[in-house]
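Shared between the two complexes below is chain A, which has chain B as its partner in the first and chain C in the second.
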Partner chain A sequence: MGPLFVNEIITQGTDFLFAFLIGIGFGFVLESSGFSSSRRLAGVFYGYDTLVLKVFFTAALTSMLGLLFLSLFGWVDLSSVYVNPTFLYSAIFGGVVMGAGFILGGFCPGTSLCGAVIGKIDAMVFIVGLFIGIIIFAEGYPLWEEFYKAMPLGSPKLNEVIGISQGVLALIFVLVALSLFWVGEWVEKKFPAEKY
Partner chain B sequence: MRSEKHLNPYLGGVLLGLVLIAANFISGRGLGASGALKSVVISVTNTVAPAHAENAKFYKEYNEGHPEGPMSSWLVFQVAGVLVGAFISGALAGRLKLKVEHSPKITSRRRLIFALAGGILFGIGSQFGRGCTSGSALSGMAVLSLGGIITMMAIFGTGYALAYFFRKNWI
Partner chain C sequence: MNKLREINPLLLLAMFLIPLALVIAAVPENTTKPYKLTVEQLLSELTVGSQYFSSDDIADLIVKKDPSIQLIDVRSESDFKKYHLPGAINIPLTDVLYNENEEVLNQDVKTNVFYSNGTVDANQAWLICTQLGYKNNYVLQGGLNYWAESIISPKKPGDVAPNDEFAKYDYRKAMSSALGGGSLEAQSAAPAQSGGSVPVIQKKAKKKKGGGGC
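Our next item is the complex of A and B:
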C-alpha cells in the first residue's frame, strides 16, 4: 500500500498538499515542545535541559518502530522508502561543522524556522547565516566537489553494515535510548536550570 | 516553571515520530528543512543571475537534475507548513513576541553575532551532510540510514566537544 506517492496511489499535487500538512504538524510539534528556544535547545550540551535528547530520540524510536510494524503488516514497503545515501567523509565532516554551528548558533535549520516565525530575532539572524552558508558552499563547490563525492557507499542501512536484522538493531536503539533518557533525567537534577 | 509552558518532551517526541511516519507512509521520504532553503538559494540565483546559474557547477548540476525547477519540491511545501504550524502553536500558547533570546550574562549583540556565525556553519555543514538535523540525522535514523546515523553522531559529538569553549554564551 504505502508509500502512497511512490506507489502512484496519489498524484504529485496531492503529495505536495500532504507535504504542507505534514509540515504544519512538524512545525506545531517542534514549537510546542520548546524547540523555538535556543536556550532550551543548547541545554542538552550543558545538562541543564535535556529536551533535545528526549524529543529527538523518542521521535527517532517512535518512527523507527512504527515503520517496522507498518512494514510487518504489509502497509508500507520499506524498500521504496528513501534512504539517504552515504558519502562517508562528507557525512562526518558535515556533521562536525553542523555540531559547531549548533553550539554557536543554538539552533538547527528546522528549529530556527520555528523560532523566527514566533518572533525570535536570533533565529532570524541564524536563518540569514544559513543562506550565507549555503551560498558559500554553492560558490566554492568546485573546490570541494571531489571531497563531497568521495567514498560513496550507496544507501546502506546500519543493520546491513553490521550484519544484524532491523528488528535487533531497533531493540538495541530502544535500550540505548532508555539509558540516555535515564541519564538525561539524572543530569537535569544535577544541573538545575535557572528560570528563563 | 519552564516545563509547564511546553509539551511533555516524551509526548512531543511521540507526536514528532508520528509525523515522520506519516511522511514516510504517504510520500516515502523523511522530514527536512535545509533542502528547502537550498531550493530558495537556487531559485533566486536562477532568477537574478541566470548566466551564473548556467555556468557555476553547483547550480548547473542541480538544475539538470531537477528540470521541474527548484521550488517544485516536496521540502519547499513541507517547510511552508512548518512556518504555519509553528506560528499556530506559538499563537495558541501566547509566545508570539519579537525578542532576542539570550543568557543574561551576554549581550544581545553577542548573541546575534554567534547566531549568524552558527547559521553560516550550519548552512555549510548541511550541504556536506546532505541534510540537516531533520533531513539527515532524524529522518536517517528512522530508516536506519548509515549516513544519517554517522551525521547524527558527528553533530552531537562535536556539540559536546565544543560546549566547554562556548559555555559563557549559554550558562
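Our next item is the complex of A and C:
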C-alpha cells in the first residue's frame, strides 16, 4: 500500500499538501521546543543543553520503529522508500561543515527559518549566509564535482554492512540512543549554563 | 496521570521504546513481495486487453529482428524443444518464480512477450509478473494456435472480402515466408514495406522517487 506517492495512490499535488502540513507541524514543534534559540544548538557542543540531541534522536527512533512496524504489517514497502545515495567523502566533509556551522551560527537550516519568522536577526543573517553558501556551491560546481561524487556507495544499509537483521540493529540503536540521553543529562549537570 | 508525571521522562521514553524495539528485533523481516495492482486495476487491464500483442505485430518484430523484444515460451521444456518461435527462450510456467528467471522478467529494457499454445498459461505468467510489479510483460494474443492459423498458414479470404482482408492476407503470407513457413506464393508483397504497424510499446510511467532532506 505505501509509500502512497510511489504507488500512485495519491497524486503529486496531494503529496505536496501532506509535505506542507507536516512542514508546518515540524516548524511548530521546533519553535515550541525552543529550537529558535541559537544558544540551544550551540549548547550541544558546549555540553550545557542536550535538548537538540534528544529531540532529533527521538524523532529518528520514532520514525525508525514506525517504518519497521508498518513494514511488518505490510503497509509500507520499504524497498520503494527513497534512500539518499551515499557519497562517502562528501558526506564526511558535509558533516564537518554543517557541524562547524551549527556551533558558529547557532542554527541548522530548519531552525534558522524558525528563528527568522519570530524576528531573530541572527537567524536572518544565518539565512543570508546559507544562500551565499548555496550560490558558491552551485556556481563553483565544476570545481568540486569530482570530490562531490567521489566514493559512491549507492544506498547501503548499516545492518547489511555489518550483517545483522534490521530489527536487531533497531534495538541496538534504541539502546545506544537512550544511553546517549542519559549521558547527556549527566553532562548537562556537569556543565551547567548560566541562565538565559 | 500525576503518577506518570513523577517518573523521569527518560525512563518513560525507555519504557515505550525498548519493548517496541524488542518486538521488532524478535520478529523476522517482512520479505513478502507485495502485489501491486488492486482488483479493479487488474480487471480493467484485463477487459481492455492492453497486455496483448497481436500475432501480426510479433511476426513483424521477429522478421525485423527487433532486439527490444524477448519472446518467452511458458510451455514445458519438451514442447519447447519440438517447436518454438525464433529467438524465444523457455521459462515454463512452473518456473516463473525461480530467482534465476527474475532478471529476465523484472527489467525495463526489453519487452517480454509470453506465449503458450492457447493464451491461458501465458496470461497466468503475465498475471503473476504484473502483480509482482514487473514491467514490460505482454502476451501473444491467441497463442501458438492462432499463430499457426494466421501466420504459418493464413487462409485466403473469399473473393468478396473487403480489400484490407486481402492486404492482411498478403502481409501474413509474406511474414510466413520470411519466417520459413507456408509456400512462397505471395512474393508480390515485400515484407520490408508491408506496412506492418510496429506496436507502440506501452511504457508505464516509471515509479516516481521522492527526495528528502533536513
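The rule we apply is simple: the second predicted complex is superposed on the first by the 196 of 196 C-alpha atoms of A that agree within 3 Å, B and C clash if a C-alpha of one lies under 4 Å from a C-alpha of the other, contacts with A are read in each partner's own complex, and residues count from 1 in each chain.
Definition applied: a contact is a pair of C-beta atoms (placed from the backbone, for glycine too) under 8 Å apart; a residue touches a chain by one contact, two chains touch by 3 or more.
Only a predicted model underlies this, so the values are computations on that prediction, with no experimental measurement involved.
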Touched partner set for A:L72, first chain B, second chain C, both or neither: second
Touching partner for A:V128 - first (chain B), second (chain C), both, neither: first
Partner chain in contact with A:W186 - chain B first, chain C second, else both or neither: neither
Partner chain(s) touched by A:A138 [first = chain B, second = chain C, both, neither]: first
Partner chain in contact with A:P3 - chain B first, chain C second, else both or neither: both
Touched partner set for A:N84, first chain B, second chain C, both or neither: both
Partner chain(s) touched by A:G106 [first = chain B, second = chain C, both, neither]: first
Partner chain(s) touched by A:V168 [first = chain B, second = chain C, both, neither]: second
Residues of chain A touched, compared between chain B and chain C (which is higher): B
Contact residues of chain A, present in both the chain B and the chain C interface: 3, 5-6, 15, 58, 61, 80, 82, 84, 108-110, 166, 170, 173, 181
For the chain A and chain C complex, residues of the former touching the latter: 1, 3, 5-7, 12, 15, 58, 61, 65, 68-69, 71-74, 77, 80, 82, 84, 108-110, 165-168, 170-171, 173-175, 178, 181-182, 185
Chain A partner contacts - residues on chain C that touch it in the complex: 10, 13-14, 17-18, 20-22, 24-30, 32, 34, 36, 207-214
Contact set on chain B toward chain A in their complex: 1-2, 5-7, 9-10, 12-34, 37-38, 40-42, 45, 56-59, 74-75, 77-90, 93, 95-103, 111-112, 114-163, 166-167, 169-171
